[in-house]
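To start, the structure under review is shown below, and the notes come after it.
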Amino acid sequence: MKIKVGVLGATGMVGQRFIQLLNDHPWFEISSLTASKRSEGKRYSEAAKWYIEGEMPEQIRDMEVLPTKPDIDVDLVFSALPSDVAKTVEPEFAKKGIAVASNASAHRMEEDIPLIIPEVNPEHLALIEEQKKKRKWDGFIVTNPNCSTIMLTLSLKPIDDMFSVKEVAVVTMQAISGAGYSGVPSMAILGNIIPYIGKEEEKMESEPLKILGKVENKKVKNANIKISAACNRVPVVDGHTEAVFVKLEEKAGVKDIIDAFESFKGAPQRYKLPTAPEKPIYVMQDITRPQPRIDVMVEKGMAVSVGRIRTDKLFDFKWVVLGHNTIRGAAGASVLNAELLVKEGYI
Amino acid sequence: MKIKVGVLGATGMVGQRFIQLLNDHPWFEISSLTASKRSEGKRYSEAAKWYIEGEMPEQIRDMEVLPTKPDIDVDLVFSALPSDVAKTVEPEFAKKGIAVASNASAHRMEEDIPLIIPEVNPEHLALIEEQKKKRKWDGFIVTNPNCSTIMLTLSLKPIDDMFSVKEVAVVTMQAISGAGYSGVPSMAILGNIIPYIGKEEEKMESEPLKILGKVENKKVKNANIKISAACNRVPVVDGHTEAVFVKLEEKAGVKDIIDAFESFKGAPQRYKLPTAPEKPIYVMQDITRPQPRIDVMVEKGMAVSVGRIRTDKLFDFKWVVLGHNTIRGAAGASVLNAELLVKEGYI
Amino acid sequence: MKIKVGVLGATGMVGQRFIQLLNDHPWFEISSLTASKRSEGKRYSEAAKWYIEGEMPEQIRDMEVLPTKPDIDVDLVFSALPSDVAKTVEPEFAKKGIAVASNASAHRMEEDIPLIIPEVNPEHLALIEEQKKKRKWDGFIVTNPNCSTIMLTLSLKPIDDMFSVKEVAVVTMQAISGAGYSGVPSMAILGNIIPYIGKEEEKMESEPLKILGKVENKKVKNANIKISAACNRVPVVDGHTEAVFVKLEEKAGVKDIIDAFESFKGAPQRYKLPTAPEKPIYVMQDITRPQPRIDVMVEKGMAVSVGRIRTDKLFDFKWVVLGHNTIRGAAGASVLNAELLVKEGYI
Amino acid sequence: MKIKVGVLGATGMVGQRFIQLLNDHPWFEISSLTASKRSEGKRYSEAAKWYIEGEMPEQIRDMEVLPTKPDIDVDLVFSALPSDVAKTVEPEFAKKGIAVASNASAHRMEEDIPLIIPEVNPEHLALIEEQKKKRKWDGFIVTNPNCSTIMLTLSLKPIDDMFSVKEVAVVTMQAISGAGYSGVPSMAILGNIIPYIGKEEEKMESEPLKILGKVENKKVKNANIKISAACNRVPVVDGHTEAVFVKLEEKAGVKDIIDAFESFKGAPQRYKLPTAPEKPIYVMQDITRPQPRIDVMVEKGMAVSVGRIRTDKLFDFKWVVLGHNTIRGAAGASVLNAELLVKEGYI
């Protein structure tokens, strides 16, 4: 018996990735799809133009698109809602006893709401208990980070564990799919770079501190790391590439760093969660990689690729990390969170 | 009476930019074009396929392409030679009494060879005297930096003058034209990023130290700055975009930084050199700019554009700088060097 | 004394091209800018983000954006209105005695409204008299064709004049700017082709028949040509490229066709209109051209380029024609129409 | 027991596609890889940089790259040789008793050499007998058409069978991978169209006539169809898109055409060949498709997609056809040919 789930905001780019990842999922079964007013009452195939590779799965073509209200009969919803909508709507679902695995940024930084990368900080799920008690909710909200944060933080975690990260500078080159299907006009980006993405740098400079922090007294104590980010949009379809500079507390050599990446495993690998990559981090030997068009689908888009690991005269090390922004960085992140929740008995 | 000049390596991308910039130049007149064996003896229009916007200038279509040997009758040559060729060939020209304005990297870091950005370190031309004496040359070599170095260093100079730059991290997003016409296969870069450019990071981490250094005892004493660079190729035709992080010795506010950029002028502006931009640095107000496709031709490609100047929690400031890699960053840089040489009596 | 003109729909792509072309125009002076509700009452620089190369002209930055109503004090307006708005609004201007040079498709095919390419059918302006009489207007409307129609028809005209065109098949590869700034999401077109453009094929199959027709009894008698079009969107910023197949009534050789293109001149060239290209058609010798990125700005975007003229075993000849879709194909077309109107005494 | 096969020209784009398709093939097993002088004697992983999605298969990484000589111990070779090399080398293999499934153009139009699309003209394999006899070869050569020809001809076949095709005009928009990895410099194609591909139009205008022809007296009698082609390179990675205009002998309606496409099956489908698509032709309902980035991988790249089927006033019908140029249009075409050869007892 599969767990019945809903997808909130099912017609957009991330919503479609949710559908793609949940189609034939061994534990979850989509029973409700919601979207905005414009789509309510329509069949999904009428409401949504399918944007991503492959065809729209047959099973959901004829499902009715529902309003995004907590009266749907599910135990778990995946939220691809815009942040301003998520702000008020997600708590309504949680109040009604529904578990919310959210990709929205609205609640990420709230004290009692876990911001989770399953390989990095599964122990932060402990906040759920406090959250339910304090807010008097039967359900709860668990969030995953911003897409760019996920790639960065996955690459920092094994190094932080072994050599204690102190300072990070990161410059991103982010794919157009990160802004949604209509987010970036072709006139804006064809043969061009846009050196600004709204609110992205703020997220990258704050979210990793919470994720890499420790739960103490039912709160997260932020990691003591300084991060500076500069975010750019580039004419790439899928895959955020990040140039990372890192200063460490402890001494390390390039081989130590590579070994830390190569040997890294987390809860999803130990639990063998259905969506978990076998290895969360791949180290590329070719000095010209990782490259988004070629490497973005490593482990079906659920692993990140790291390359060009080298010492640095200003920081201690620098490298490049790449990941699929709408799979590992969004829908896949929420699904992996939900699988962790199931495995640890929260759902 | 114009000065007769030669262009060495006249058939490639940078060679063509030289021809474009020297066509109708008020001081210089192309009288010789040289290229590799393959092109020798052909008319220029047979030897070269014209790659850049506009048509091949009429005046040079029928000129014979000569071998790259110092027996041509000119006072000045512009060198767009590959570095390995430049290594041995440029000195032969200098020995014969010819001034060489070189875009090649071969001699840039040699002790007695000036590495010049006219707005930044015109006083380094003083090395020429020593160079001629030591090498017993009647002519001399003057070089301009790597394309990415030029944009970075132009943006560092006014800030270094006023607040003393201590540390710099820079991540580049570089145009395909920087690798020459056939340098980057479309299969390699369409919808993609390549996070590696051979020898580029080394140049960016060393050249600015010489350029921002001081001439003492007929030598350049390098500036005391730590620089770390990460270089990327992006699917943009012309224009290198650079995300720059800077730590300063002295306190400054964002307005100070903007004022320093806005008020910056150098020797080319004071001398009103023909190819000099009116202002070498433009500060963009729009938070989404500078962007290469839109802003690369500011002042005919001879000015750089700076934007997103903001404080930083890890360094002190960060900004974005953009410039035209084959104009300001290559052929235009050499031509401006040559104009400075004329104005200061070296030619 | 310049003629005061208004630009209707001044904030979009074509509106901005109008402003660019009318800035410093010797005969016209922009005195009014209009746009939709959203922009009314704002300064132009607040209402519009400048999309095209170069900066927003200083003169219009502080002009107030007016509602699109015929109470503005001008003799001539250029219309970049969407077709559905143009349908009702342009007649209101004409009724008030204003000459409307329109790029909208709304009225192009109406019997008494001239559809003009000044090099092709200037004599169709004779319809104006009938239009004013019949509609009891003090002003009038003159239209220019669809962007793709203009390139095609300019290349057909000299051949039709000499050898009588009977059949035409044309396949277009159209730039993204043709759909307006936000018309084509980057997710839709990056590394892709869209083999459909709404209503474009219908326009290309009908408009040339009117333009190449003859005025008889105050009406246009359509040309007796069969045209079939297939239209595609491609990832090119500016410039529509068209593969054209043509069957002729009379015998001709390749050289005849080339000569006909090369020697072609029309009213704008004879009158030396300010925006007229010296030659409306350029024949490229290089077998790999015309190419949009390289050739689109020939004669400031007002000439078309033709290449690969060759005999054909199915039709008689085939060639490639390229032109700038928002200059020659839109704003420049309307401005050239207006210049013709002035020269011939209609304004 | 699998059949041992060799891949000639194994390091290039098409060679890599062969390896990808033959890896884990149920009937064939790669036992030899050959390449040019430069690669001889190296391990495959040293000789070749892997260009296509996914990683280089483990099994072939350590295989030695051999010279392209007929002394290898195989029954069948797949040839991805350049045409000029194939001209002399392929016959040497055939002479030694090896079956050559060639993607090269060198021998396609020779009278006694079959030019095969298994769904279209499997009966042309009858030429093999004549070929072996006449040339006194123990082996033989079978070729597949040019990539653009395959898409076109697959879409013509069902229509020709039912309504007899008389005239065809076709304009292609071809992917960069069609020119090999280094074939198209990014400077040539980024944001651009090149309206010329060497020898492509000639192939498209002649090859379909042979393929759609009938074997009579041990020769192919060409089909009586007139074809005109215009070929363009576009900035798309994989997938040739073709706008096709068709005049028929017999009357037909749009529904007839759609039905003919939908119901079309050929020998590969009847034989259930391992590489055969379930359906060779997919009809897209969405008016904006087929699109290369989205639709190129239908049936693992072995089916073509057809869309926008409509009547035409000049011809009778027009449509758009899309296929994967290096899978269905090259390596996959040869592999399917070889599977047909096995099934019909030629190997």
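The first chain written gets the first letter, and so on, giving A, B, C and D; residue counts start at 1 in each chain.
Here is the rule we use: contacts are C-beta pairs under 8 Å (C-beta built on N, C-alpha and C of every residue); 3 or more make two chains touch, one makes a residue touch a chain.
These numbers come from a predicted model, not from an experiment.
> Common contacts of chain A and chain D?
Correct list: B, C.
> For chain C, which other chain has the most distant CA centre?
Ranked by distance of C-alpha centres from chain C, the top chain is A.
> Would you kindly tell me how far, in whole Å, the mean C-alpha position of chain B lies from that of chain A?
So the centre of chain A lies 42 Å away from the centre of chain B.
> Measuring centre to centre with CA averages, how many angstrom lie between chain A and chain C?
48
> Spell out, as numbers or ranges, the residues of chain B touching 2 or more other chains.
In chain B, the residues touching two or more other chains are 190-191, 235, 237, 293-294.
> Which positions of chain C touch chain B when the two form their complex?
Residues of chain C touching chain B: 53, 190-191, 237, 293-294, 297.
> Flag every residue of chain A that touches chain C in the complex, lowest number first.
Per the touch definition, chain A meets chain C at residues 13, 51, 176-177, 181-191, 235, 237.
> Inside the complex, what are the residues of chain B that reach chain A?
167-169, 171, 173, 190-196, 205, 226-228, 230, 232, 234-237, 241, 243, 245, 287-294, 307-308, 312-315, 318, 320
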